[in-house]
Amino acid sequence: MAAENRDRAGARPSRLLPGLTGLLRGELSRWLGRRGLVHFVLWSAFVQGLLVWNTLGDDTNPMRDWRGFDTLIHLWWIFLPLAAIALSQNAIIEERHNDTAPWVLSKPVSRSAFVMAKILGDLIGLFVFAILLQGVAAYVWLPKVDPAQGLPFVRPEFVRFVAVIGIETLILAFFIVLSVMLSTVFRRRGPVAAIGLVLWLVTWQAPGRVIKDFTFGGLITGELEGPGFKALTEYLVFEQPLDPVSSVFGTAVLVVALTAAATLIFRREQF
Amino acid sequence: MSTVTAHIEAHGQPAIAVHGLRKRFGRTDVLHGIDLEVPRNSVFGFLGPNGAGKSTTMKILVGLLRPTDGSAAVCGLDTVRDSVAVRASIGYLPQDSSYWRHLTVRGVLAFTARRYLDGSRSDLRRHVDDTIEQAGLSSLANRRVAKLSGGERQRLGVAQAWVGRPEVLILDEPSAGLDPEGRHEILELLDRLREQATIFFSTHILEDVERLSDTIAVLDRGRIVASGPIDTFLMGETGQYSLTLNGSSDGFLAALAEAPWVDSVEPTAETTWNITVTDRTAAEHLLLRSVVGHRDVQVVDFRPARRSLEEIYLELTEATAQAADDQAADEQGPAVVE
Amino acid sequence: MPASLSRVQSQSRLRGIGGLTLAEFLRWFPWRVLVFAASGVAVLVFARVVWAAEENAKLAPLLYIFFSLWVAVLVLSTVATTQGAVSSEIEEGTAAWLIAKPIGRPAFVLSKFAGAIPAVLIGMVGIPGAIARVVLKRAADNGDTDFTAAQVMDVIANSSSRDEYMNLPSMSRYLGLLALIGTLMLLVVAVMILLGCVVRAQTAVLGLGIAAPVGLLLVGQLAPTAVAELTPGWVLTSIVDIISDNPAPVLAPILVTVVWIWVTLAGAVLLFSRREL
Amino acid sequence: MAAPALEIHDLNKSFGRNEVLHSIDLTVPQGSICGFLGPNGAGKSTTMKIVMGLLRPSGGRALVFGRDVHRDGVGARAQVGYLPQHTRFHPYRNCREVLSYVAHLYPGRRPASELRELIDEKLDAVGLADKANRRAGALSGGEAQRLGLAQALIAEPALLILDEPAASLDPHGRQQVLGLLDGLRGHTTVFYSTHILEDVQRVSDIVAILANGRVAALGPIEDLLEAPTGGWTVRIAGQVAAAREHLEAQPWVSSLTTRVRGDQELWTVDVTDDGTAAELMLPLLLSDESCDVMEFHRAERTLEDAYLEVVEASHGG
């Protein structure tokens, strides 16, 4: 056993983010249990349920103005950030409150790996249950039904659909990373959730060119009143070019910057 | 003389009376109907292995958990029906105590005191300051709870249990995690309180129990396996004493062996003898006096041959563990046949 | 125990509610209240920026943008702030500390609500509401850039709009609007307290907390009127109607919601008194 | 030859203006069991946390098998199993899952079957075999402590750093843990803190005493226990007040401390002249017919006495 000990002691941890695989494995195992089941049921109910209701609804349906894939984009925009905030605000704060953070960090794992595992765990879980499963299901069934009123839905180009899924994932990533970053700054859940939620609200009516052209604000906002997710809807449903493309890059840059900030701040924390 | 009966006669109801108390979490039985009586103004040590149900019992007494069956009463009041009144006469220290982190030590105590006591603002403030000083917290009075170390927090824990001047103190491991100095301080503090309150405390440090308690009970796997005044545990039924002498002692020992209250005198080492007596009261009064009467001998060491509480404790809990295993084996037997 | 002190005698299940309420109140004052008041003003500024960007001369859109956004911000940030009111006290063990004292369990739950009332009414709704009144009035008066004390008094005292097509609500209507918003916020606080007594996981407390007002909105809009008017969704409908310059009742929806608040709190009290700590 | 398991040089730590550690030096050779003692707040946990990379040192450095814990934290921690003072685990995992989770955080892969065996072995070693599937959130304090020990052992590290491994354990559990540590002697270095001095006396090779942020004593345990104390212990029952006054009045009695034990009193009598005390004290007490002496002997020196002396001396210095 002594010899074995020495062997294992000699095994160098990987250079990049040591411990990430183990930590991520732990995060993802939560999604395989009850949490995954709850999310599967809730997302199916909310997204598919509202899609069905909207599609088959008649004149009294207040959401009758929305079209099929337009609705999908709208529902994603409403629920993805909310879920991301509700879930990720807790990710680090929970470990801090339960005193499990210092315990995990006393293992041969880097602090950055700890933060990245939180981000990736929530991102992968929500991507699978909220975006991928729901998107694919809608992609398959929506074009096959006759709505109660209006024209039948046309199946969008596959590439465009994949691109939209990518962009939704990016927006999801933004809210996850934002919440994680805020939770490295604040000790309490209140401010973390509040700032994320207010930001989400405000982007509904994003003013100013900078916000419109260089953040996802440009992709999801439209007119002041009524649903108007112009850019993404026009791109997906009406096959217009994506405008502005800079919004996508801007959001990606924000995600990277917030991730960097989160890891840097967390690296300085003492337990 | 039974101090327990004397106390009950003198003070009416016992401080704590528990009858047939059961507690079940899901499918696990944690307490299998325990009976317990804590006389007033006694210091009662509550022992038992981890997971035996000590904390559960205490939490039921302070109304944090509901009993599944049976009843518990504090100062004659039922812990479920008269929960608020019961808690008004209890000061409780939980195992992992936590307080509002934004309060200072004085803040916690002032808030707690006002839950129990009425009086003018200045009287209450003076009372809180007294308690702070008694608990040795003077230098920490304005420190925030979040910044206290484990030992300081524990002292605050005892102080907040005592600040309402309750009749009964229920302390779940009051000396856990304390350094030897801190433990001494807490034990001394409790020792001073014994005149004014009934103290019911659990611990794993048997030395503390030996130092402090009058009465003990041992809980194991949800059953009381032993209870009674601590002396009967430590001395056993027959009195045995160990005596070490200096000088020529043969003549004296021969005389001693003849005394009517002496059963036997046996050497255990070169100058040490083990003396078994039949009448402890007589021995306590006469044994040493009979030595001092002899000019040639000098007592170097005299003490009752007590067993350590640890020995007794381990025996008790091991015996029940064995019984439980046997029982489990019995229960499995028929199941296999079926 | 010094002779000058006596034991508290009450054995009521509300014993201790005074001290607990004061402690709750001090959690809100002053910092949280200031942050809420400041965020109300920030929403106002934001709404004006959006309004200006749209080059819209009418006041109606400003009213609509500000109030819809403000109510949403208030609801969500209150949900975020109060998510731990009960649940984190249970999680951290401070609830066990309190309940081991001679404090009635109902007192613990109700103090959470009572302590929040002044903060909600003054800090969340009152102060930003008053400031908004001044700013909206200025927007309605179109063009004045500086304030005088006399002007502010005039705005507060004078209830009618001078500009016919801007439709700033009359003072009484405006106060009614604020009362509706205040009632809604108190309901949110009560619901969060209830959730804290039921749900263990923090994520679920927040998630359900967010879902509850969204559900209310849907009920208010989709359910048949007769049903909707039995729910707190009526308050939301009234708020929307007032800021859209439609006639709407004020008192009735508030009364209905107050009943719901009591039902919610009663549920919380009941659940918490059965909770093992 | 090999680097010491743990080496601490001139380590400082301040929190704001509060200096917790004043340049600590400490070396724990490979294969030894070192008990780390000191009052609450002396800086024991702080020292351990710095070694585990949870706190940044204000000055100086710490090395684990020659690896700097600050510069190569991950490399250093890969050699260490650590039990924090207040162990809490993710409440949603059961014992087995907690151990598997921790095992995967260490470098080096094990086949699944081998890992399962290892987990069973460790659960058994700490006495949790029958609670393997219980959720960590439902463990009692002592059980959590055992799981904490198992997770520190799971990667079979060359150095164990344990912050109060026996706190909140019952006497059985403490014996079990001490037996476990004893069994590691030789191939695993153990550095552990505790307040239960008896335990240290039973299993340590070396003792380090930290007081006021300084190492007040370091060395083999026997060295600490040498000097005798000068007092006597008397347990007395009956009407004792007069006897006490009488004794206190004697010129050879320097101090008398009293502790009440039920209807008896326990005195510690410090004397200036031991011979006179041995000769005169007992006859003097017994001359009073209204009280009985239940116990009479020299006060014994324990590690506790030695410890208290060292700590007090450091307060004075």
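Which chain is which? They are A, B, C and D, in the order written, and residues in each are numbered from 1.
Operating definition for what follows: contacts are C-beta pairs under 8 Å (C-beta built on N, C-alpha and C of every residue); 3 or more make two chains touch, one makes a residue touch a chain.
Everything numeric here is computed off the predicted structure, so don't read it as measured data.
S.K.: Stepping chain to touching chain, what's the minimum from subunit B to subunit D?
M.R.: The distance in steps between these two chains is 1.
S.K.: Relative to subunit A, which chain has the most distant C-alpha mean position?
M.R.: Of all chains, B has its centre farthest from that of subunit A.
S.K.: Report the inter-chain centroid distance for subunit A and subunit D in whole angstrom, where each centroid is the mean of the CA atoms.
M.R.: The computed centroid separation for subunit A versus subunit D comes out at 48 Å.
S.K.: So the centre of each chain is just the mean of its C-alpha atoms; given that, what is the distance between subunit A and subunit C in Å?
M.R.: 29
S.K.: What whole-Å value do you get for the distance between subunit C and subunit D if each is reduced to the mean of its CA atoms?
M.R.: That gives a centre separation of 53 Å.
S.K.: For subunit A and subunit B, what's the span in angstrom between their mean Cα positions?
M.R.: Inter-chain centre distance comes to 56 Å.
S.K.: Which subunit B residues reach two or more other chains?
M.R.: 96
S.K.: Between which chains does touch occur?
M.R.: Listed by label, chains in contact pair as A-C, A-D, B-C, B-D.
S.K.: Can you name the residues of subunit D that touch subunit B in the complex?
M.R.: That would be residues 38-42, 85, 140-143, 145, 164, 167-174, 195-197, 235, 237, 259-262, 278-279, 282-283, 286, 292-298, 304, 307-308, 311 of subunit D.
S.K.: Can you check the complex and tell me which residues of subunit D touch subunit A?
M.R.: 49, 52-56, 65, 73-75, 77-80, 82, 84, 86-92, 97, 101-102, 104-108, 155-158, 187-188
S.K.: Which subunit C residues qualify as touching subunit B in the complex?
M.R.: 1-2, 4-9, 11-13, 15-16, 19, 23, 27, 92-94, 96-97, 99-104, 274, 276-277
S.K.: Looking at the complex, which residues from subunit A come into contact with subunit C?
M.R.: 62, 82-83, 85-87, 89-90, 94, 97, 188-194, 197-198, 201-202, 205, 207-208, 224-225
S.K.: What part of subunit A is in contact with subunit D in the complex they form?
M.R.: 1-2, 4-9, 11-14, 18-19, 21-23, 25-26, 29-30, 33, 98-100, 102-110, 270-271
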